[in-house]
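Structures for review follow.
Okay, so chain A shows up in both of these, paired with chain B first and chain C after.
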Partner chain A sequence: MDFSFISDSIVTYGVFLLFAVVAVASAFLVVSVRSVMHSALFLAVFLLSVAAFFFIFDADFLGIVQILLYVGGVIVLILFAVMLTARVSSSLLQQTNEQKYSALIVCALLFIMLSYSILISGLQGFENTLLPGGTAKSVGWLLMTVYVLPFEVASIVLLAALIGAMAIVGKKDE
Partner chain B sequence: MTKGFIPEAIMQGLLALTPEVFVLCLAFFIIIADLILPVKSKRNILDIAAVGLTGALLLTIGALFQQGMYIFNNALVVDSFARFFKIIILVSAVFMLLMSRDYKALENNKIGEYTALVVLVTLGMMLMAGASDLLMLFLSIEFVSIVFFVLVGFVKKDSKSREAAVKYFLIGAFSSAVFVYGASFLVGVTGASSFPSIQQYLIAHGISNLFIVGLLLMLVGFGFKIALVPFHMWAPDAYEGAPAPVTAFLSVASKSAGVAVLIRTFLAILPDNSNVNLILALLAAITMTVGNLVALTQNNAKRLLAYSGIAHVGFIMMGFVAYGLFGVQSVLIYTLAYLFTNMGAFAFVIAIYNKTGSDDIRDYGGLSLVSPALAFVFFVFLISLAGVPPTAGFLGKLLVLGAAIDSGYTWLAVIGVLNSVVSLYFYARIAYFMYFAKEKKITEAIKPSLSLNIIIYSSLFMVLYICLLPEQFLNLAKKTVQLLTGSFHGY
Partner chain C sequence: MSNLYFYTVIIVSLVLFLIGVYGVLTRRNAIGILMAIEIMFNAANINLVAFNKFMHLEASIGIIFPIFIITLAAAETAVGLALILAIYRNIKSVNVEKMELLKW
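Then we have the complex of A and B:
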């Protein structure tokens, strides 16, 4: 099997494998442990290992953003929400329902299909180019030139979400 | 050319996007108007928005047949195909704002936010119709979904509306995840995110298995957005719970935008659809059948129209499965017919709701006695939904069936015809209650307001006009498809 699309260096490959195992294991724990709090913490571990992937593949900017946004922002938000939930410590909390077996079959099929097609076709679209001086500069340049429209549209999406949030929670007096 | 602060390419892109920029400015204007106007006259904001969107509509119609081009580094394509769908979206947005004016369940003090969201979601759908980059595609689809989550749950006092919003939100978020997962494989395989670059890669390297898998996952995402069976579970609840104008908007505009991106994506990045064609054909057949069979037993008018809308998506997919020039043309005509027919039917549902406070079709009894003219017009919309001549729905159905037979999908066409027969039953059931029900629930004449009358009669005009004088609409569709930019076939 050809894994050259992951990395040529044996050390990088080893570190990648280590974090891959951590990521898959913690992702599995997120959906299988019974306490919501533990789920949230395992999610943090998973997101951190994804950040590690970014660092391994020289995408330092993405790695930092991943830590800042997901671990720093999203996870904290989730933890707050979990702490405000009443049934946090209840051990009766179930993560699955009666459809778990059919879901398992679908997931297994999807997994087989995906791994089969990844192994036979591989992901060769990208060239391995190391950007000088990290990726932050190139990302910034791309955002303001090639991706300027998506960048601006994203800000309009945020505006819409803001108005929407006000419409949902806001109370206006007559 | 002078060398200004804004690079020329961006300036050119913005010029090509004049209608979109206009709609965005309108949204800002509405937010400001909401701050200034007193609560009593807040309903006027809806009029301002309707007039503004009509302006954008005229801008788009004026530029309909301009040469298509890619702008913003292939993020968007502006061609007649995109403009055609923008016209459909803008017309339904204007109709929707007019409907909202008299919709009782909307509170005066929330009108500002409501209108701003409607205008912004219109902008999102216009971007969706032209998206030609996976990033832009995802962003615009998310834009539209996020705003619709809020609009579906806008009437907070109604627990059904809240429940609908939560269901729609959960399933919408899930489908977005599946969509972006699929898109990530496409990017991984080809190393590109814009459709022209993906095309170039495929011409050079051919299609790999992983590419097809990614495309199928994306199809699941699209399927959720346009309510294809088996990804349709959210639609009936969301349609029933949402305020009726939002339901009309969701079922026409959001669906058309979804169909537009679906067709654009497949035409642009799949050289021929033989690999996935059978899957699409099966989905179309299941969608039609399930939509129609479940609609048979519905008593809530909004829910019934939701299931009938699912069935109509099946028909649209049937035209798409045909894939060729004729297939896409038939889809355009069908969507146009569906726009006016469905909007007209929803205007009636709202007019009757405003009078009786009920969406149950069993409460429509006696309508033909107190306002016979209106009942007849409603009847015309119903037979157009069922696809009976001389209405637009008939022409649309005829064309998609023809396209399917033309490309060798006779079995699909047969299923389509059988479904038309089934659908006739539940549309006729509404007519039965209006004309023959023993219990006369409606005892006073229904007088739709001016804005509802505008919708009803202009839709009626278009529904008859499209079928009786179809030539110019067929030419319009033909020319639109010929000017479709970026298709793999180049036709």
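Then we have the complex of A and C:
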């Protein structure tokens, strides 16, 4: 069998569409499902499909960071918070407020406006084939040279967030 | 072909962002709002990476910025969940409609 008529970019486009369906469906379930626990688990599915997008777009380093930080860290944090507040987040309670329909109208109007302005913008996209063998090397080089100041500031922000989170939630002994 | 691909990526990230906006507007649970904010961050990251791939900028510039966004989102989630737990300890609720102490 000769498959040479299938070009490389059509295959990537098909894989992208597959993961796009998964991402949109799971994101919609995150905001609409009743139980907060289930919505946290759908958020994990959504974040994994975003990591798949990053791998499709040749950003392999970013995909690994996404899996490690989001699926490994943030989801665990959110699951702990959901379990600690389980009594008030149960699925028996109404989880959405009464502005459901007005919010839908706002989102539909925003969608029409933004997609119209994207479609008339006349952007010309073409595939960047400049990055053979992944981006980890160039990302590391840029982080240590051009973007070294934001890199260090981000580390200070992380330290401040760590200490701040402990100071807010820690028990005060009186 | 790659133009269609590019526009599909932008529209998908737009749809994801608007789903996040819808979640922030309608959720009553503060943890649910935090999760919707994560969806919006990720939609923005998809957009940045797609522009890096399709608009032929200087190599990998569009990948540095999402790294900082992911870092700050992790910090934001940690502090936000700590705040939610502190509020839960005081008013025994995570419903944002019950958090009215500073409301005039």
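In the analysis below, the second predicted complex is superposed on the first by the 143 of 174 C-alpha atoms of A that agree within 3 Å, B and C clash if a C-alpha of one lies under 4 Å from a C-alpha of the other, contacts with A are read in each partner's own complex, and residues count from 1 in each chain.
Methods note: a contact is a pair of C-beta atoms (placed from the backbone, for glycine too) under 8 Å apart; a residue touches a chain by one contact, two chains touch by 3 or more.
Remember, predicted model here, so these are calculated numbers, not experimental data.
Shared-chain residue A:156: touches chain B; no touch with chain C. When the two structures are aligned on the shared chain, A:168 is found in touch with chain B and with chain C. Contact with chain B, but none with chain C, is seen for A:148 once the two complexes are overlaid on the shared chain.
Using the contact criterion defined above for the overlaid structures, shared-chain residue A:50 touches chain C, although it does not reach chain B. Comparing chain B with chain C, more residues of chain A are touched by C. By the touch criterion defined above, A:113 reaches chain B but does not reach chain C. Once chain A of one complex is fitted onto chain A of the other, the partner contacts of A:70 are limited to chain C, with no touch recorded for chain B. Chain A residues in contact with chain B (one complex) as well as with chain C (other complex) are 114, 118, 123-127, 147, 150, 154, 157, 160-161, 164, 166, 168.
Put simply, chain A touches chain B in their complex at residues 113-114, 116-118, 120-127, 145-150, 153-154, 156-157, 159-161, 163-164, 166-168, 170, 172-174.
By the touch criterion given at the top, residues 7, 9-10, 12-13, 16-17, 20, 23-24, 27-28, 30-31, 36, 39-40, 43, 46-47, 50, 53-54, 57-59, 61-62, 65-66, 69-70, 73-74, 77-78, 80-82, 84-85, 88-89, 94-97, 99-100, 103-104, 106-107, 110-111, 114-115, 118-119, 123-128, 130-131, 135, 138-139, 142-143, 147, 150, 154, 157-158, 160-162, 164-166, 168-169 of chain A touch chain C in their complex. By the touch criterion given at the top, residues 10, 13, 24, 31, 39, 71-73, 75-76, 109-110, 113-114, 116-117, 120-121, 123-124, 127, 133, 135-136, 139-140, 142-143, 146-147, 149-150, 153-154, 156, 187-192, 201, 208-213 of chain B touch chain A in their complex. Residues 1-12, 14-16, 18-23, 25-29, 31-32, 34-36, 38-39, 42, 45-46, 49-50, 52-56, 59-61, 63-64, 66-68, 70-79, 81-86, 88, 92-95, 97 of chain C touch chain A in their complex.
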